[in-house]
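Quick heads-up: structures coming right below.
What follows is a pair of complexes built around chain A, which joins chain B in one and chain C in the other.
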Partner chain A sequence: MSNLKQELKENIIELLNLEEFSVEDINDNDALFGDGLGLDSIDALELMVMLDKDYGIKLTDPKEGKEIFQSIAVLAEYIEKNRTK
Partner chain B sequence: MTKNSYIESYCTIKNGVVSLNGTSLFSEATPEFSAFIKQAAKQLDTNYPKFYKMDNLSKLAFLAADILLKNANLSSEKEHNIALLFSNRASSLDTDRKHQNTISDPDNYYPSPSLFVYTLPNISLGEISIKHKLLSENSFFIFERFNANHLHLNSRYLLNNNKAEKTLCGWVDLDENHYEAFLYLVGKNGTINHNTEEITRLYKSP
Partner chain C sequence: MKPCYIYSAVSISAQHTFDSGLGLLEPLALQPNKVNAHHPLYKSYIPPAALRRMATGVKMGVTAGKKALENANIIQPDAIVIGTGMGCIEDTETFLNAIIKNDEAYLTPTAFIQSTHNTVGAQIALGLQCKAYNNTYVHGALSFESALLDGLLQVEDDSASTVLVGGLDELGKEFIDYIDLIEDKNEGITVPFSEGASFFVLGAIKQQHAVQLKAIKTFSALTLENVRSVFMAFLKENACPPETIDALILGHNGSKYDHYYTEAASCFPKTTVQLKYKQCIGEYFTASAFGLYLGVTLLKNQDLPSLLTCGDTPKKPLKISIIYNQYNGRDHSLILLSL
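This part shows the complex of A and B:
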């Protein structure tokens, strides 16, 4: 699980061009949206594509994204339970 | 009624050099546009995290506009009626190609939302407007080459008809590692007359 969290932090920084963040800056329970990393709606769509492309998880309900993308810890747990690749 | 208007300031970004009113602010010899613009933004205190999420055309347009608008000492607390009149040759072709690469393989079909949103050149105007609180007229024209007369006529129309207090005009062209930005701010104060001869002279200056 800790490897997956590390992988997610690295991927999110690169994928979303978070120039001002390093892996060490992101705590597992930090909010990804709002006051945390400050991600926006386009970032949310990009994360949905990442789930499909990297882990074989297709989100069909946008409301699901709101729950899953709360933090790295929540996202990693969801991926562990639902990944198909 | 025709009003006097002047070119208050101008910014050029080309050949590894960022300059304001003819004075170099930053230079970097790298042939890679992405590395060049990233360094320029950091050194010129852009301080805007969203800058790094933009496509290359928007980064080029945003940096040139940001330099001019910060130099104009506008209040960040209120809206400004500064119309944007931009133009280029390559439209958003650079990003269009990158988007196409994400959808050309049916077995690896993952269109990127953050690329797709930049597949229009006028998105760069939106980025500038968000940062500088501009709720003003804006247009992005596509021409074969720099067209001083068209920019001048449109700018004069907006200023003479009180559609804008100032206009930010120019040329922002990018395709892969070829890039060229020339933006100028037109208003009621200044020493350079706002006419096609002066616009062309500044555009052609090194």
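This part shows the complex of A and C:
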């Protein structure tokens, strides 16, 4: 699980060009949206594509995304349970 | 019809023009065949949340546009008009390559959204919350001139008091290499391909030391035999005999089509100083916007960079200049400036 969290942090920094952040700056329970990393709706779309492409998880319900993208810890747990690749 | 003045001119180019004007010019190395712009510190001009999504051209355009408005003391222009030959080629390459790599299964939104040609005009407007006229022209090597003509007409017919006009192109990563590959190695362009953004604020009220944008003329096609008559007609229309032109700014790029510039220069007496600039900033579809930046700067500052000047020692003061550009024998433009 800790490897997955590390991988997610690296991927998110690269995918979303979060040049101001390093892996160490992101805590597992930091909010990804709003006050935390400050991600927005376009970033949410990027993350949905990443889930599909890298882990074989298709999100169809936007409400589901709101729950899953709370933090790295929540996202990693969801991926662990639902990944198909 | 109102006169049109250029209140400010800002350029991001392969030289230090954004920070230092024309003071630190040096010739570009001929290898490699492409040269990136000298980029300023963009985070001084663009909020980090917006900056992280922007490709090179968008950063250059938004920053140059912002500084041009600041220098002109304008908060909200009445129009934003952009010219770009290649648009946001960097993001276009990114999302097209992603589609190929992902077997057409995944389309990431950011690069796709920002790949449209009007992204720069839109981002400037978003940053300013400016809902005024916003247009982008994409006409090859006449893209910038088309935008400038739009801005000039709007000021002249009083549709707008101030207009932000810019020309920009980015190198991208891949497409430009294909252009370079098909370039004729014997008779083709010898200056490196490059990128840049030059922005101007136009307005109708005369300010101290303001340079007037007197006229623009463009031609998609022009034979070498017609260059002289076109120049003479342009000068006559604007009541400027050849001997009144103090500076002629030419877009030599080392190709076999440079003889158009030789023909143009032959229309003027020796007292007209000639300047060439693409050996310092490279070639791209909107490089002529740098030509205008050069024209405005030298009339304003009365300073002729020796690296760009060819021929005899120029007379001073410099009051009237013409910028002439063409690309591979097509897309000719003449711009007349006066102090």
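Criterion: the second predicted complex is superposed on the first by the 85 of 85 C-alpha atoms of A that agree within 3 Å, B and C clash if a C-alpha of one lies under 4 Å from a C-alpha of the other, contacts with A are read in each partner's own complex, and residues count from 1 in each chain.
Methods note: a contact is a pair of C-beta atoms (placed from the backbone, for glycine too) under 8 Å apart; a residue touches a chain by one contact, two chains touch by 3 or more.
Bear in mind the structure is a predicted one, so any value in this text is a computation, not a measurement.
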Partner chain(s) touched by A:L45 [first = chain B, second = chain C, both, neither]: both
Partner chain(s) touched by A:D35 [first = chain B, second = chain C, both, neither]: neither
First (chain B), second (chain C), both or neither touched by A:D61: neither
Touched partner set for A:N17, first chain B, second chain C, both or neither: both
Overlapping contact positions on chain A, where the chain C interface meets the chain B interface: 16-20, 38, 42, 45-46, 49, 52-53
Residue numbers on chain B that touch chain A, as the complex places them: 38, 49, 51-53, 110-114, 117
Chain A residues within the chain B interface of the complex: 16-20, 38, 42-43, 45-46, 49, 52-53
Residues of chain A touching chain C in the complex: 15-20, 38, 40, 42, 45-46, 49, 52-53
Contacting residues of chain C [partner chain A, same complex]: 48-49, 52-53, 102, 105-110, 113
